[in-house]
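Just so it is clear, A, B, C, D and E label the chains in written order, and each chain counts residues from 1 on its own.
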Amino acid sequence: MDYTISTVAPIVLLPFFAFVINVFLAKRVPLAAVAISTLAIFGSFICAFRIFLDFQNVYAVGYHIHKVFTWFDLSAGEHLFKVNMGIYIDNMTAVMLLMVTAVATLIHVFSTWYMHDDERFARFFVYMSLFTSAMLGLVLSDNLLSMFIFWELMGFCSYSLIGFYYEKEGAGNASMKAFMTTRVGDVFFLLGILICWMIVGSTTFVDIYAAIGAGKFAGSFNVFGIALPIATVAAFSVFMGTMGKSAQFPIHVWLPDAMFGPTPCSALIHAATMVAAGVYLSLRMFPLMEAGHLLTFIAYIGAITAFGAATIALIQTDIKAVLAYSTISQLGYMVIGIGVGSYNASFMHLITHAVFKACLFLSAGSVIHSIHCQEMPQMGGLRKKLPYTFFAMLLCCFAIAGVPFFSGFVSKDRILGDALVLALENPSYWGVAILGFGGALLTAFYMFRMLFLTFFGEPRDHHIYDHAHEEHIGWNSNVPLLILSVFTLGLFYSGSFTGQGEINLFGSKNEWFSTLIHKPEASHLEHFAHYEHEDFGATDTRDKVELPKAQYDENHGMDEHHAHWVHQIHHLGAILSILIAFSGIFMAYLMYIKKSVNPGWWAETFAGWRRALQNKYYFDDLYINKIIQKGLLPFNDMLAKFDSQYYDKYVVDGTAVLNRWAFNVARWFDNNIIDSGMVDGTGASVRAVNLILRTIQSGKIQLYFIVLIVVLGSYILTLRF
Amino acid sequence: MSTLNLDVYMPVVILIVLALLVAGGSLFLGSLIRPQHPNKLKETAYECGEEPIGTAWANFNIRFYVIALIFIIFDVESALMFPVAAVFKRFNEIGLGGTLLMSIFTFVLILVAGIVYCWKKGDLDWVKSFNQVAPTQPSFGKKD
Amino acid sequence: MISLGAYLGISFILFICGIMVMIARKNIIAILLGIELILNASALNFAAYTKFVNGNLEGHIMALFIIITAAAESAVGLGIVIRFFQLRESIHIDDASTLQN
Amino acid sequence: MFANTLFLLSAVLTLAGAVLVVYSQNLMHACIYLLASLFGVAGLYACIGADFLAATQLVVYAGGVIILMLFAIMLTGGTGNRTNKYGLEKIPAMGNKKTFMIAAFAAIVSALIVIKVTIPVFQNNKNLIVAANAPTVERIGTLLATDHILAFEISSVMLLGALIGAAVISRPRKEIHD
Amino acid sequence: MNSTVVSYLSQSNEFQNIHAWLSKALGFDASSLMAFVIFAIVALIIVGVMATIGGAGTYAERKISADLQARVGPNRVGPFGLLQFLADGVKMILKEDIITTNADKFVFNLAPVMCLVGVFATLAVVPYSSGFILADLNVGIFYLVGMASLVGVGVFLGGYASNSKWSLLGGMRGASQIISYEIPATITIISIVLLAGGLSMKTLIGAQGGGMQDWFILHNPFAFIGFFVYFISALAETNRAPFDLPEAESELVSGYHTEYTGMKFGLFALAEYIEVFVVCGVAVALFLGGYNVPFDLGTGALFSKSLGLDSMLSQNIGQLLQLGAFFTKTLALYYVVIWVRWTLPRLRVDQLMTLCWKYLTPIAIFNLLGCAVWMYAFDGKSIFALIMAATAGGGAHH
């Protein structure tokens, strides 16, 4: 495994070159552009898969590849001002690379079917290639600065793709909204980067870890006499980036609107990768969050997002809107995972969610493509027309609802279990746990509500139903869905079905996920200071044999007694989530299949809530009508009023009165002293100076030449040599 | 390396001096024996028997300048080409002819581009430029 | 044998004459004549140092390129003069004191 | 013996030409004096064994630059002093007392500069090895074809630029009859 | 290295003796002095011969033109009018010298002298024979090109100084014609330099041989075309018909020497006729084998060996043969020049420029590149050597 630039760089560069080529090809030979994009991302997938296999073979926690080159170095003595660019691959990066390239490949393949009727077929792939390359670059980055560059590049792609159907009403506004809203988070993120740079002198993760370990973040900023701990400020700033990108409360409002984009782009960008990049950032900066004592805050943000988005999803009728809110909700779970210190589970949920949510979006895309409609009340009974899509979506719904043996159960249950453990230890976390479990119930309910409304029952709109295309198996229409749906099974991520090592089918070796992905814990951050890095082009000379093979640790580093207790709680949590999941599914079954419970009754009884939900808790209203219109615009008006009424009346007019008086004084002064004395004098002096300047700036070359000679002469003749 | 005796330049100087002597001598000789009866009519410039109108030192057609311009460029080019051409045979004998051939080709073809440009733009056409009327040139000149 | 100083002296006088011409003349073409004198002075210096200091022919190459550059410079310079004359009917250097026509 | 004669002749020609260029009040004559001066420089080149440079000086200056300058003088109206319809002096005077005084001042200053710069260089090179005169054509050719190949090629680009630039500038734009 | 007539003569014993005696008598090394004397004498001889040839040229021109036009030509002065040119010369000297009032007198006097200087200076490198060459400069042919361009300046100045409209037009045309046709001529010369591998006249001629198959004109097809390019350009450079536009009688009266009278006109004419001889000599040297005599008779080695003659004497005989070869070829070309003049009509000025810039220059550049490729591809072998190698399997004939 000799990693040089030639083995790693293609992952990013292939899609990037595809982008560059396609920019020129897209207009002329669209099909070639599509082929190039898809092949490029497939090439990236091959490279990423190779890296993943290597890491699986080494199977060691501490194994990493870190290659740097100096971008610029402005250091002066002690004061470090150096920016290294480079790649950092550890187990987490390897998994992430595999996920991104695999999902992106499948989505590209799916897009060749989904988008082929579109007039801007090739342009879509241009953006997709750029986006994929940016995402992969972000994953490979070894420092915050290059991460930020790719972060913004992704933001641009997201903006372009949301506004892809710019003819559609609202698409332009939605893209603008997404761009501007995430900008709020990005500004803070940049601030966080600058703080890290200021404190550490570098933005590389490893250096930041080492600096945290060495206690460099211990000080505090003094702002107007208030001491703000540096670590907290930095962590909050970075986490704001996560909030913006991962659509966390309260700046989640852009993600539902982002569904204006084509469905494959929603699947890739707004479900699987870009929104997950925010969580990935927080995971990378986890030691900073921990050092900043920000975890409780993060956990509550995640819990509120998870539960709140789930409630909104309950009443959505647009199939993509349901999925959008479920995405926000699931991202909330990941953030809960970070907040409760469940690093591994949070990352696992990122991966599993990426897979099943991409699959869900693609299934939804498949449905939309076949019936040309997004409203669930007009669907129904599509099971017979779209059997493969139905099958894929069913598996994904099981996964997201948390049915045992599916990936969602494994990851979400571990997060909730850790939340429960923490709640028992620290009562302030009870809110998190309750909101989390409540959200899980709602998740199961609304996902199956969506499934039942779409695929079960009688067709509610026969016109649409009759015109729906019969689904046939096709390599680019539903094979990607089926491939993705296979990977919703939990055993790919965890040797056990529960994620607790309980029903251990394939031995502890298959617990690779929780074995390899290791939390950079505060207690041993110092060892990151010894992480060596190499120049690009240097081959990896470290002896892999010397690295100890990672072992699955039953106790997760805790003492036996505590671990036992934790396991107990986890079992409790697991049982609780199974119950919750099935009760959610059962409720949905009652409401939408048996129809024994009338949803209308609920709607009427909780009419106020329903209205609130329909208006998405009035967040858009708050931002647009209240903050902007009631806050900023009245403030604006107030200033205007102040200007026109008070300032004009008293200050301006008063000044006029004063001026009139002063004028009389001044006129005398002006006539007698200024005009005759100074103005004419100035004129005379200007004329005098003009004479000199005109002579100098005459446009006469010979004069310039003489001046040149004289100046050169006076310079050289005074030299001594 | 053989040395160069400056005596080889002697004939050049001698010949130049000789030319001056021949010219000066014949003129001097002539001035002794030839008649000298100048009159005004004799000393008027020939203009088909008419009185000369104005001076001949007037503006000239700019095409002459363009020709001279192309000439000087090629003159300089030949000044550079001569030594390179002189060593071409020796380079060819020691096996470096190919590289030198390439450099000669590059050098000449770049200049050929210049003459092709002038050709295309009509600078080499003597007659055509008579008929070229400037589209909208602000002209301070006479409207001849 | 004539010493280096003699050549340097000649090139010095050439240079000074060139400067004189460049400044005293008001005719653009005459100024170009002065420039030719100055360029010749420098080329002569190069060639003289080659002879008297090191004997390799770098100085000759340099002088050769000076001559070439001088030729190109006078070609373009005189072209500009002629164009200027077409516009202004003057080749007085002080008439060429504005940037616009 | 002859070397000294050649040097003296060339030096006298050069200096006389240069001085006459300064003092001539006729542009055409100044141009001819310049030709004489350039001839003298060619002779000086011959004295230092730079035979190729001498010949180049003849070809490029005597054949090229001087002809070009004579043409330019003719194209700008000969040597007569007249005014055009704007009252501008068409063919300006070759300078007057005032300009010559300024020029003398500038010349003195620049002479001081040159002396100041040259003297140390000159004094540091007292023990000079005088290279023997040797044929230079082949050596210059070899240098141009090896060490200075880039300059050789680039000079062709420069010449191309000069050709096109000057042709564009001076292309006839109005109807002129000769 | 630089062979001159002095270095040739210094091989003889007499020269050494005189040198030793003079050095002793004067007390310093007299080689420079002797060189000066010899050069002066030889230069005088050459100038005399050239003046004669120039004068005879006018006679020959009249006679040949008369022949072509079925007239008798000059027949009064001397037998067959042979002394006509002397009579012309005397007439020139005796004519009144008129300088028009408006003329620029300095330039007016200078112009013919400049023409004459330019032409005379070129005589220094014209290779009459391997020994009888004034100075075989390293930069021979290049020097010749440079000096010849002085004629253009002279023509222009002559036209300018007269302050006559005909003169000025003729001068401008003449100068631009001379410089224009210098380009194809120079480029063709470069292609021959490429073949010979040197600039000095001896190198150029030494690379050729006595037999026709060793001449550069038959070296390769490009050189064959090059000869005609050079010859046409040379005709135009010397303002000979059909390129005599600067002095086109029918439109420009007499061109740049309209206002010239007497000996100054004579100097122009002399310069022109000598220049014709020089360019013919250069054409011979470059393309037609120069002074080379077949079967290596020129070195005189054969005479000393087979006839047992003194080496200096046999060398002298060789030199005479070489002189004969050179003058025969040159005068033959001279005849062609005159023949062309009286055969072809004059070109129009636009045709003149078109011929130069649109035909001769591109062809010359093509020839240059072709010669370079030929040199590279066939290792500098001539077409004859290649045929010999191909047919007989033998080596080159050199």
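Here, a residue touches a chain if its C-beta (ideal position, glycine included) is under 8 Å from a C-beta of that chain, and two chains touch if they have at least 3 such contacts.
Just so it is clear, the model here is predicted, and its values are computed rather than measured.
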Farthest-lying chain, centroid of Cα atoms versus that of subunit C: A
Chain separated most widely from subunit E, comparing mean CA positions: A
Interface with more contacting C-beta pairs, comparing B-C to B-E: B-E
Subunit D and subunit E: spacing of chain centres that average the CA atoms, whole Å: 29
Whole-Å separation of chain centres (CA-atom averages), subunit B against subunit D: 16
Separation of subunit A from subunit E, taking each centre as the mean of its C-alpha atoms, in whole Å: 87
Separation of subunit A from subunit C, taking each centre as the mean of its C-alpha atoms, in whole Å: 67
Subunit B: positions in contact with at least two other chains: 2-5, 7, 9-10, 55-57, 60, 62, 64-65, 68-73, 75-76, 78-80, 82-83, 85-87, 90, 108, 115, 139-141
Sites on subunit E at which at least two other chains make contact: 1, 32, 35-36, 137-139, 142, 145, 160, 168, 172, 176, 179, 182, 198-199
Per-residue overlap in subunit D, given as positions that touch at least 2 other chains: 2-3, 47, 49, 51-52, 56-57, 59-60, 63-65, 67-68, 71-72, 74-79, 85-86, 102, 106, 110, 132, 135-138, 140, 144, 155, 159, 162-163, 166-167, 170, 173-174, 178
Touching pairs among all chains present in the structure: A-C, A-D, B-C, B-D, B-E, C-D, D-E
Parts of subunit D lying in touch with subunit A, wherever the complex brings them together: 102, 105-106, 109-110, 112-113, 116-117, 120
Complex contact set, residues of subunit A against subunit D: 705-706, 709-710, 712-713, 716-717, 719, 721
Footprint of subunit E on subunit D - complex, ascending: 1-2, 26, 28-29, 32, 35, 51-52, 54-59, 62-64, 66-67, 70-71, 74, 78-79, 135-138, 178
Touching residues on subunit C, where the partner in the complex is subunit D: 1-2, 4-8, 10, 12-27, 29-30, 32-34, 36-37, 40, 43-44, 47-48, 50-55, 57-58, 60-61, 63-65, 67-76, 78-83, 85-86, 88-93, 95
Residues of subunit C that touch subunit B when the two form their complex: 64, 67-68, 71-72, 74-75, 78-79, 82, 86-89, 101
